[in-house]
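Next come two complexes, and both contain subunit A; in the first it sits with subunit B, in the second with subunit C.
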Partner chain A sequence: MEENKITAQESEEEIVLDSNCEIKKETNSKKSSGFSAYIKKNYSQLERKDFLFAYLLVLFPVAQFLVFWVYVNASSIALAFQNDLGGFTLNNFKTVYTAFVDKDMFGINLGESLRNSFILWIIGEGIIFPVGLITTYVLTRKIIGHYIFRLIYIIPSLMGAIIWTLLVRQMVDYSGPIMAICNAMGIKVSDLAYRNGFLKDPNTAFPTLVIIRSIMGIVGNNAVLTGAYTRVPTELFESAELDGASFGTELFAIAIPCIWSTICTLLTFALCSVFTCDYNVYLFTEGMGDNGTSTIGFQLFKLTYELSKGTVKSYGYPAALGLVLTVFTLPIVLVGKWALEKMSENVEV
Partner chain B sequence: MDKLKFKHTPAIDKVIYIAFFVLFAIFAVVYLYPLVWAIINSLKSMEEYSNDGLALPKNPLFYHYVQVFTSFRSTGIDGTTYGYFAMLLNSLWILVVNVTVNVCSSAMLAYALAKFRFPGSKVLYAVVIFANTIPIIGAGPAAYKLAMSLNLVNNPATIWLMWASGFDFAFIVLYGYFKGVSSSYSESAKMDGANNLVILFKIVLPQVIPCLVAIAITQAINVWNNYSVCMVYLRDYPNLAYGMYTFKADAFLEKDSTPIYFAAAVVSCIPVIVLYACTQELILTNMTTGGLKG
Partner chain C sequence: MKKSTKVATFLLSAIFAFGSVSSLAACGVAGGKVESAENEIVVKVRKAGFGTDWLYTLKNKFEAAYKNEGYKVKILTPDNNIKDDVVVKELALGYKNVGVDLYITSGVLPDHVGVNGDYGELVEDLADTVYSQKAINYNGEEESQTVTEKLDPEILRYMTDAEGKQYAYCWAQTSGGLVVNTVKLEQYGLEIPKTTNEMFECFEAIYCGNDKMGNSIKSGTYPITYVSGQNGYTLTFLHALLAQYDRDYFDTLWSFQKKGENGEVIQLSDAECQEVYNDQTMYEMLKVAYRTFDMTIAAPGSQSQTVDQAQAKIMGNNRNGAVFMFNGDWMLNEVKLNYRNYLHNIDFVNYPVMSAVGTKLFGAGTSYNLSEEACDDLLSFVIDCVDENMDIDAIIEKVKTDKDITLAEADAKEVARARGLTYARGPEHVAYVTKGTTKMDIVSKFLRMMSSDDYAETFNVQGNGASPYCALENTTSEYKFVRNASKVTANRYFSFVSTITGARGYRGQLNFQRFFTTSSHLPFDIASNSRATIYTMNGTKKEDADLQVYADAATTFQANEVANIIKNWDSWLQNAGLK
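Our next item is the complex of A and B:
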């Protein structure tokens, strides 16, 4: 296989040289000549067998991707410009605008959902992610009880959103332990929260979600970060310890720079999740998103669910909303990715 | 990393580690409390739970755990009622099909792109990265519309067709893993006349099994707990997670069944916790992405 790889690489180098020559001499329009050169090249029978095998391997994933990603997203863009009869319209965007300045079909202001999504995302990635980075490092250094701590921290994820969320919802209810603790400690809560629970008071509902999200988020990337930390050579830490390096030096000068590419990958994924993560608002609020708790992710999930139930008929509005948010998010993600790549280049161990 | 050795640790660092230990202990209580609270309340009568949801049970009642298997129900669109074992069966086949197809799909794509240079491979790799890092928001309704037109709503085929993408995070992890597998054995086998299938199944796969198992377990936990797919696409095939959602709604309308709900929650999550506890090291050492600097 390596033999074939070398041949392929050699042939590609020739192709690149040819392509570069063409580009330099002529125009940039011949960038695709690399592929045509591939086709023209006479491959050995062994190489052709390898290609066939590779194509067979990628056949199902690529076909699945073409239908359920490319077609679905293209269709979503098209739906944004269609009315219910399939004709061209811009009314869906007007509805989106109305939902931002006033309220949507569920009586929720989209500006509020946007703000909430940003707040939850910024707290999650700006504060909780670095905290998780440090706590995972300490657990990886095998502090006393690390095995049981790690197991306990993953329990919410193991229980699943449905069970965990509904249990936590009961805990912040008027009859739950949090209210009992507040009462015991003499912490004054509003009458509304006292009678109906923290998630039913507009003043406490969203802060409650923020606190829950923060507590949950600390262990969010535990598995991937632990995997990365364990790959850092032990000798680095042993040498540093012998040289009298402090905890901070080991963490910030050795561990984090070593796993920087993992951190960048996680942050890049996080950049994409700003509007897709619903933070379990649907479960916390029994599908209502009321009392100022709505997020964009919740709105989009609710729209899909209502469509599946038949209570919402129009595909155009959610498609237009998605398109507007994609256009809005794309530059942020691209700039963020570029900045992360630049930072990655500058990090030295 | 080796076990923390305090002999070379400066005094200030010892204080830091002790502070972390205390912090971890507090967090452990916070994370564990909902589960303990659910276990405590699953052992109470409805009356006892209503009177004081925080106290320990006076006379622990274990029959709620029996009732989970007899009274725990979910209702489909057509009014059909599904009991615990029917939902358990749905959870199991959804899990097996989804995880198998998804891991195979990601692994095939990752292996092809990591180990073969074929026309279009670079473009394909760029597309996978693009699809993973560019946020396309709000395609859910379009996906549902497509599922409707392909007759995939309330159709078991939706699990292996719609939710078996190879272009996901598992690809990123597996691609890095396949890249790290040495090609020397494969080259020797090829020189001895082995074909690509033999090389894949007898040489490469045994080397990546720990990573495949780690990904499979992680995905299995996610699929086991996923309620939204059944909620939108498979309402006539409710799994336990979706059953928990619908039963919960019923439970608080009919106050009698709340302790049964807590018992169902405990019964549902214990297999997953045991599975993870047994495989924690395997998952944590194999689930990573990105290389090391330096």
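Our next item is the complex of A and C:
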């Protein structure tokens, strides 16, 4: 039977398992030195089995990572520089530039989508996220009915995104409860909204999207933030109360610093998603992004989807758009993460 | 490593492994390979609008006809998901791993499963085994014609891949058209429209009300409704309008090619391609489109509803319902479960013929020199004759007798062609034989029996559909919808267009897949963005109403489309690798 060889290259020594899994050490003529001196050479059979087990355990995730991340992204980058026949071209980037400053070949202006994405993101992270921080904190302080409120807050997280989106869409539809309330209260809505819902009037479509996004944003992080808040020792709050600390002091001087690492993580993820999050625009607008509701993430998806329907798969343009967005996002994420970490020291509790 | 840690990691890895294997298994066929006897074929069928009763009847007839040979047909549980990529991926697993001999499906193009597909040749070429063979009746006897001879050459084109191999078998013919709630329509004293102008008259009477009924705001009944988003039902109407007016233009539009004097195919020059939308046919269609999809007259909710919600507006008596909807001859099958008591209320007709066809043939500058109103009247009259399936001579004679107009044969034929034309989804309904099947002989006989006149009657009655090999008029159905829908495909002037294969020829090379470059879905964009209307939101006509608003909107759209193509022409060429 052949011997199985496991080579420790740094030490330039070979450790060999014979057919009975007994260890034999074969030292070559070269002298061990430097880093190799720190590597353990005499592994027991049990340790080797542990290594084998560990390697096998990570083998599948690594393979998945290589195929579904490395390959996919490398392929996307390559596509950005290819025409439909696979030849090299920079035309896709020219199209992206045109789309931002004017209109692309499909008559789409990405500038408007970019503006919408930024507005939604700024409102979401600049206003709604802090509101969510406060409301979640209030609920964790066991106010009257906090169990019910927490349950209500957590329901959207338990539902599928599509179900939640369809529910909300129905609420703002022409036959939905919000329209019924407006009618009952004598609130005049525009004819366009009255006929087809708030998402079908150019004047109300985007504000409706912002409101929907805000509601979803407040409840969205509730579960994570609740978990973080409940890990803050209650003794800290009791002590602060004895010292006469106000609600605001407890929140801003104790609670938030204690969960700062969680906040940093959430905000870093938010930074990454500024261009890719489409805020369910596709579902809200039946794939049209009409009446000024289009976002960059939506356009990226729609472009790819539509271009994939032809017999010739023409992914160059969306691939280039994705690459350009990544180039812009990367420094924002890195600088943002650095700034967030600088803003406050992490408090260990 | 501690023992507890090892146990935990083992469990974790076991879950990973199970998840991986399960997900991989999910890519395959549920339950693994289907086992079958030596003389038994396995059939997988999509359960869609036509149901599957007809298939079980065919199975029984087939097994009875080949009792001595002992041929059997095993039909796996019908499923609506047996279509598109699901079928392609299952075929890619191979016959040895799946064991299914025949897929009766839809939405799978021959180019996707043939030699040019992502997975190579996954299906059998049916040229010798089916198409060149004679159809077989329910007694197991051969008919006089081959399957090819029984099939419209236009359909066969869609069953053939780019290499000319006949991989697909068409198993149903369908027709798009106009669904009408005749009970609601009769309340206004109106008749089913045959031309677009008649349709607009109906729209106006329903929206603004007439001496019999109040306007839409009061009655709660609106002229039209449609499915929102990127739905194809409304687009099919526009495709049909283009082809009604000029079939050659329709083909040129989708291929950037034209026919030479001797019928040879000539590629348009780049300059001609850029101007292809700048055409009278396009202009006439756009005018109708802007007037049809005027949001003011559509039932509330039409911009944000599913097909079921739209159909509900046609079927029920609910407020905010509608009288007309562009749909297909399959609609009754889809609604019969939920609207059993309303099925007699609906009817189906082919798309109204664009009134501009009448103006083109009989209007100013022609030998008839009729006014626009008279053109539409004559057009409508001839359409009546066509719907009665009269031959050309009889039509000319009837026009002479009733209208005292001598209709030229070419003009009569042109109206008949326009009326007989529809947008068909037949080419989408395809069957494939799995590559490497060991039972090709039995499958072949099964498909040949499926091409018979006997089967056509079965499909007609049990599926409420039409066989592409023998279109029959259904005279026995209790529903007028079914009886009249069958008349469309059974009409002697029936022909169709389809965009299932997308852009062709030079246009395909350029990957110009969308109908328009400046609109991802014209009917939706009109309904959503256009404010061109002659009506108020209160159910009345504007005091200064002028149809020119629709013409202006059409002109502007057309100009923008052409300008966008010219501006980006180099980009199209570069992206396609042609420059």
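FYI, the second predicted complex is superposed on the first by the 269 of 349 C-alpha atoms of A that agree within 3 Å, B and C clash if a C-alpha of one lies under 4 Å from a C-alpha of the other, contacts with A are read in each partner's own complex, and residues count from 1 in each chain.
In the analysis below, a contact is a pair of C-beta atoms (placed from the backbone, for glycine too) under 8 Å apart; a residue touches a chain by one contact, two chains touch by 3 or more.
Every value quoted in this text rests on a predicted model; they were computed, and no experiment measured them.
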Item checked: First (subunit B), second (subunit C), both or neither touched by A:F53 -> both
Margin query: After superposing on the shared chain, does subunit C or subunit B touch more subunit A residues?
Written below: B
Note to self: For A:I218 in the superposed arrangement: first (subunit B), second (subunit C), both or neither?
What the structure shows: first
Note to self: Touch test for A:L330: subunit B only (first), subunit C only (second), both, or neither?
What the structure shows: first
Next item on the list: Could you say whether A:G132 touches subunit B, subunit C, both of them, or neither, answering first, second, both or neither?
Entry: neither
Notebook entry, point to check: For A:G87, is the partner it touches subunit B (first), subunit C (second), both, or none of the two (neither)?
Noted result: second
Next item on the list: Report for A:R195: first if it touches subunit B alone, second if subunit C alone, otherwise both or neither.
Entry: second
Note to self: Contact-wise, after the overlay, does A:F247 reach subunit B, subunit C, both or neither (first, second, both, neither)?
What the structure shows: first
Next item on the list: Tell me which partner A:L151 touches in the superposition: subunit B (first), subunit C (second), both or neither.
Entry: first
Next item on the list: Return first, second, both or neither, reflecting whether A:A161 touches subunit B, subunit C, both chains, or no partner chain.
Entry: first
Check: Considering each complex separately, which residues of subunit A are in contact with subunit B in the first and with subunit C in the second?
Finding: 50, 53-54, 57, 60-61, 175, 286, 307
Check: In their shared complex, at which residues does subunit A touch subunit C?
Finding: 50, 53-54, 56-57, 60-61, 83-87, 89, 91-92, 94-95, 98, 103-107, 169, 173-175, 191-192, 194-197, 199-200, 285-288, 290-291, 302, 306-307, 309-312, 314, 316-317
Checklist line | Complex contacts: residues of subunit C adjacent to subunit A | finding: 1, 6, 9, 12-13, 16-17, 20, 109, 111, 228-230, 295, 298, 300-304, 320, 501-503, 508-509, 511, 513-514, 517-521, 524-525, 528-529, 537, 560, 564, 568, 571-572, 574-577
Notebook entry, point to check: Taking the complex as given, what residues does subunit B use to touch subunit A?
Noted result: 1-5, 8-10, 12-13, 16-17, 20-21, 23-25, 27-28, 30-35, 37-38, 53-54, 105-106, 108-109, 111-113, 115-121, 124, 127, 131-146, 153, 161-162, 164-167, 169, 172, 183-184, 186-187, 190, 195-197, 199, 218, 221, 224-228, 231-233, 235, 241-242, 244-245, 248-249, 265, 268-269, 272-273, 276-277, 280, 283-294
